[in-house]
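Got some structures for you, see below.
Across the two complexes that follow, chain A remains constant while its partner is chain B and subsequently chain C.
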Partner chain A sequence: MNHNMQTAFEVKNLTRLFGDVTALDNVSASVPKPSVVGLIGRNGSGKTTLLRHVIGLCLPTSGSCVTLGRPSDQLGPGELSRIGVVHQENRFLEWMKVEQQLRYVGSFYETWDRDLERRMLDELELDPSARVGALSPGKAQKLSIMLAVCHRPDLLILDEPISWLDPIARKRFLKFLLELLQQDANTIVISSHVLHDVEKIINRVICLDRGRIRADAPLDDLQERFAEWRVNVKAGRLPPRFDEDFVRSQQGDSYQARLLVEGASDRLEAFRTRHGVDVVSRPLNLERMFPLLVQEDG
Partner chain B sequence: MMAFVSMCRLLGRRANLSRLAMLGFVASWSLFVYQDPELTLDHPRPGGLNLFVLATSALAGHFFAGLGVVELQHASFSWTLPNLRRRLLASVLLLGVVTAFLLVGVYVRLGGPAPWLPVFTSGLLWYSVGIVIAAGDVRGGSDRPWRPYLAATLAIAALFAAGVFINRIAELYGVQPFLFAALTLAGASLCLFLVFNVGAARQKSLVPTPLGGLGDPGSLERAAAAHRRTPKRTWRLKGPVKGLFDWVRAGEYENFASVRGGWAAGAVRFSAVAALIVIALPYVTEAPGLSYLKGLMSIAPCVPAFLAMGYCANNSFFLQKGWLYPLSRAQLARLAYWSSLSYNAAICGIMLLTFALLASASAIEERVDFIRPLVLIFVFNPFFQWLRLRHGPLFFQVPIAGLLYFAGGVGCVGLFRLAENTGMPLPYEAAAAAGLALLSQGLFRYKIEACFRTRDLV
Partner chain C sequence: MLISIDHHSGVPVYRQLMDQIKFHIASGLLRSGEKLPATRALSAELGVNPMTVSKAYGFLEAEGVVERRRGRPLTVSFLKPEKIHVHKLDRLKQSLAPIVAIVRQLGIEKSQALDAFGAMLDDAGDMG
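This part shows the complex of A and B:
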C-alpha cells in the first residue's frame, strides 16, 4: 500500500512566521490512519495554527504539509469532502434555524448521513427549530460538532471542541467519537485543554510548546515514561533534594516525598536500595504529565 | 485623563487615515462645490461655508468621536471600568469643542458673515448628531425595532435639509444669535444624553462591538430583534452543490436569504434614493432663493456612480470566510471573481432599470446620463472587491481604501467629462470603456488567483 494512503497527514520541517512571531518552528509529525491524536500545548503554542495548516487554510512559510495524500495547499473537493472541522470560534449563518443550517451545509456533501444527523440531534439535545444566533455557546459548539461529523469524514479535526460542553454532553460526545472511530476507522485530531477527558479516547499525543514539538508518542509510551513515586522513609531523613537525573520534580518533607520521574521504570529497585526508602510507583495521567512535557529543556 | 488617552489612541490609528481622507473630501466638496457655478473657488459663498461647518462637524462626530465611542462602550469591560462613562463624555465634549472652534476659525478666516457663537453651537449640535447616528442610540424596543432606523433616517434627512435651506437657517444666526445658540446647545445636550446615559451604557456593554454605524445592534433589544429575523427563503438545492453556478447561488443565499426581497429589493431601494437625488436636484435649484445649489448639478451624474461603488463594494455573492467548503483554492479564486462580477452586474442592471423608470415617471426634461458612470463601476470596483476579499468587511478602514474610493469617484467624473467634452463617437467611447474594464478585471482576476494561491484563508 502507498505510504500516503496510510497517513492522514504529514508535516515536514513546517515553519510558520507571522511577522516577527514564529508560530511553528520546524515542526515534523506524521499521523497514521486510523488514530486518535491529542494535540496539547499551552495557550499560544501553535496548536490552532498547525491544524489550520493541515486543512489548508494556512500556508507554511517553509516546509511542507501533506493531508490525505495531497499537499495541503492543493486540497481539492475530493479531499476536502473527507475532512470535518470544529473550529475554535464558531461561525454560522446566524439568521438560520438549526435544521436549516444542517440542511444547507449537508447539501455540500454527497455522504451526508441524515440518520446520524437525527441521532446526534437527539443525543446532544439540540432543538432543530432554535435560531442559530440565539444558541448558547455550549449549544453552538454542539451544532459545530454536528456540522463537522455528519458527512462521516475520514479526518476529523477538533479544535477545542469540548471547552463549552457540560460534563454530560462531554461524556456523550466522547462516547460518540469512539463509536465513530469503531464504525469508520477514521483519524481524529483533538486539540483541547480538558486533558482528563481527552485522555480517555486518544492513543497518541503530540505536545507543542512555543511552536516546537515537545513530545510525539503513543500515550502508552508516555505513561510508561513518566511516573509518580511516593517515597516514604524507613529510617532517618530524606535528602532535601534527590540528585538522580530522572527526578523532574520533588515535593514533600523529610519523611515522605512525591517525585515526578521520567524514564525511570527500570531504576526503581536501585533507587530503593540506595536511599533505603519505600517507593510506590503510579502512572501519571495526562493532566499531571503536561507540565513535564512542556517544561524547558535542562 | 485615562479615557481621553484611550480615545486619542482610538482616533490616532492608521484606520482613521482612511476616515480622514473621506472627511477631507466631503468637507472640501461642501465648501467648493456648494455654490453658484459662476463663482471662483477661492471665494466660497456663505451658503457653502455654513454647510461646511455643519457637514464637517457631523462627519467628525460620526467618524471620529462616534465610532470610537461605540468601540469603547461595547467592550465587555466598559460597564465595570470606574467612571469610564463620565471620562468618555468629557473627552468627547473636549474633542467637539476643539473641532467646533477650529471650524469657526476657518469660517471667520474665509469671510463668513454670521456671528461666531451660533456657528459654534450649530457645529456642536451636528457633531453630537453624528455621534448619535454612529452609536445607533435611539431605543427601538423589541416591538419597535424600526425606531432607530427612523431616527437615523430623520437625522440624515435633517442634514440634507439643512444643506438645502442653509442660507435661510443662517439668517437666524444674525437675527437671534443667543436664542439660536441656546436651542442648538439644548439639542446637543439631548443627543449626548442619548449616547451616554446609564441605561445605554449598561446595555451596550452586554452587546458585542458592532461593525460600525447604522443598522448594527446597539442594544439588547436590537440584537434580539436581529436574532428573530427569519430566512425569507429556504435553501432548496438538495445537493450536492456542484459547479460554479451552484456555488454563486450558495453565496447569494448566505448573504441575502435573510433579507426580505433578497439583494434585488435592497438594490431597488438604494437605486431609487440615488435616482431621486439626481432627478430632484434640477427642480430644487430652480426654487426661489436656492440658486446657490446649482454647483451641485455639475457632479449630479456621478452621484449614482459614487453611491453604487460604495454599495457594490460592501456586498457580494461570495461565500462566508473561514469555513472549510469542499472547494480547492483555485475553485475559490474562480468563485470569488465571478461572484463579484455577477454582483456588480446585477446591481448595475437594477440601478439602470430603476433610474430609467423614475426618470420617465418624473418627465425630467434635462437628460441625465446614468449609463456612463455606472459602466465605470466595472473599471473601479474590482479594486474595492479586492480590498474586501483581502481585508474583510471593515476594508474601508484600510487607509488606501478611502483614497481609492475618492480617486475612483473623481476618475468617474473625469472620464465622464472627457468623453462628453471631446465629443468622442460612442463606439470609440464604448471601446475605450470596455478596454479599461477588461484591463481592470484582468488585474483583479490575476490578484485574486495569486491571493488564493499564496495566502491564508482565515
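This part shows the complex of A and C:
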C-alpha cells in the first residue's frame, strides 16, 4: 500500500534558512494518521516555521515536505480543502459580522458542517451578530478556530490555538477536537507551550529545540521512558554522583536523592542491589519531561 | 463502571485504563461475560483520545482479560478464581510498594508496621 495513504505529512532532512538564521536544521518527522500531535518547543524553536512548511506557505532551503501525499509546494485546491489552519495571528474581514464571516469562508467548502457551526457558536458563546473587527482576542481566537474546523478537515493545524481561551472555553474546544477525531479519524497537530492542556488530547509528541528535532514519539513511549527515582540509603551514604548512564540529573544529599532517569525501568533492581538503596519510581508528566527533551544533559 | 483519568500524572492513559478495568474485574464489579463500553463511547465519556482506548482494549485482549467475538461488543473473559486471586494480590503489592519505602525511611520495625496495618484493617471492618 502507498505509504502516503497512512501519513498526514512527512518532512525529510528539511533545512530552512532565513538569512544567516537557521530556523529548521535537518528536520525529519513523519506523522501517521489518525493521530493527535503535540508540537512542543520553546519560543523561537521553529514550531511555526515547520507548520508553515507543511501547508506550503514556506518552502525548504533544502530537503522535502510532503503533505496529504503531495509535495507541499504543489498543494492544489483538492488538498487545501482538506486542511484547516488556525494561525497565530488572526486575519479576518473586519467589517463583517461573525455570521457573515462564517458564511463567506463556508462558501469555499463543500464539506462545511452547519450543524457543527451552530453548536460551536453556542458552546463557545460567540455572538453571530458581533462585528468581527470588534471582537476581544479570546473571541477572535474562537472564531478563527471555527473557521478552521467547520469544514471537517482531514488535517487540522493549530498554531498556539488556546493561549487566549479561558479554562472553560479550552475544555469545550478540546471536546470538539475529540469529536472531530472520532467521526473522521483525521490528524490534528497542536503547537503549544501550554503543555498542561495539550497533554490531555495528544497521543504523539514532536519536540523541537533550536530548529532541531529532540523527540518524535508516541506520548505513551515517552512517559514510559522517563521517570523520577526517589532514592534512600539503607546504610552508609549515597555517592555524590551516580555514574549510571541512564541518570540524567541528580539532586539531594548523602542520604536521599532525586534522580531523573531515562530508559531505566528494567535496571531498577540492579541499581537497588548495587548501591544498597531503596528506590521509588514515579512517572513524569509532559511538563516535567520537557526540560529533559530539550537538553543534552540534565 | 467508574473510571477516572489523571492526565497529568505521567502514567500513560492507556495504562490507567487497563489498571482500572482490571481492578474492577478483580473486585467483582465487572463480571465475566459483561460488556465493556464501545471505544467511542468511553473515549467521549472520559475525554480521551479514541486511539488510546483502542490501545488499552487491545492490550487487555492480548492478556486474555477481555475478549472480542466477531461483530459483538468486547466482553470480560471467563477467568478462573485462582487467576483473579493472583490479580488481586498483584494489585495489592503494587499499591503497597510505596508504603514499604515509607516504612523503611521512618525506620519502623516490621512487626510494628504489620500491627498498625492489621489494626487499620480491623477498624475498616474485617471481611472475613
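The rule is simple: the second predicted complex is superposed on the first by the 295 of 298 C-alpha atoms of A that agree within 3 Å, B and C clash if a C-alpha of one lies under 4 Å from a C-alpha of the other, contacts with A are read in each partner's own complex, and residues count from 1 in each chain.
By our rule, a residue touches a chain if its C-beta (ideal position, glycine included) is under 8 Å from a C-beta of that chain, and two chains touch if they have at least 3 such contacts.
Remember, predicted model here, so these are calculated numbers, not experimental data.
Peer 1: After the chain A overlay, clash or fit between chain B and chain C?
Peer 2: Overlaying the two structures gives chain B and chain C room side by side.
Peer 1: Touch test for A:219: chain B only (first), chain C only (second), both, or neither?
Peer 2: Second partner only.
Peer 1: By the touch definition at the top of the document, which applies to A:280: first (chain B), second (chain C), both, or neither?
Peer 2: second
Peer 1: Now for A:232: first (chain B), second (chain C), both, or neither, which partner does it touch?
Peer 2: The second partner, chain C, only.
Peer 1: After superposition on the shared chain, which partner residues are touched by A:175: those of chain B (first), chain C (second), both, or neither?
Peer 2: Second partner only, chain C.
Peer 1: Examine A:261 and indicate which partner it touches, taking first as chain B and second as chain C; both and neither are also allowed.
Peer 2: Neither partner.
Peer 1: Thinking of the overlay built on chain A, is A:35 touched by chain B (first), by chain C (second), by both, or by neither?
Peer 2: The second partner, chain C, only.
Peer 1: After the superposition, what is the least C-alpha distance between chain B and chain C in whole angstrom?
Peer 2: Closest C-alpha pair between chain B and chain C: 27 Å.
Peer 1: State which residues of chain A lie in both footprints, the one left by chain B and the one left by chain C.
Peer 2: none
Peer 1: Given the complex with chain A, which residues does chain C contribute to the contact?
Peer 2: 7-15, 40, 43-44, 47-52, 55, 97-98, 101, 104-105
Peer 1: Within the complex, which stretch of chain B touches chain A?
Peer 2: 226-231, 234-235, 237-241, 250, 253-254, 257-258, 320, 322-329, 331, 453-458
Peer 1: Across the complex, what residues on chain A touch chain B?
Peer 2: 52, 55-59, 73-77, 80-81, 83, 85, 87, 91, 93-97, 100, 103-104, 106-110, 112, 131, 133-134
Peer 1: Chain C touches which residues of chain A in the complex?
Peer 2: 34-36, 174-175, 178-179, 181-182, 196, 199-203, 219-220, 223-224, 230, 232, 234, 278-280, 282-289
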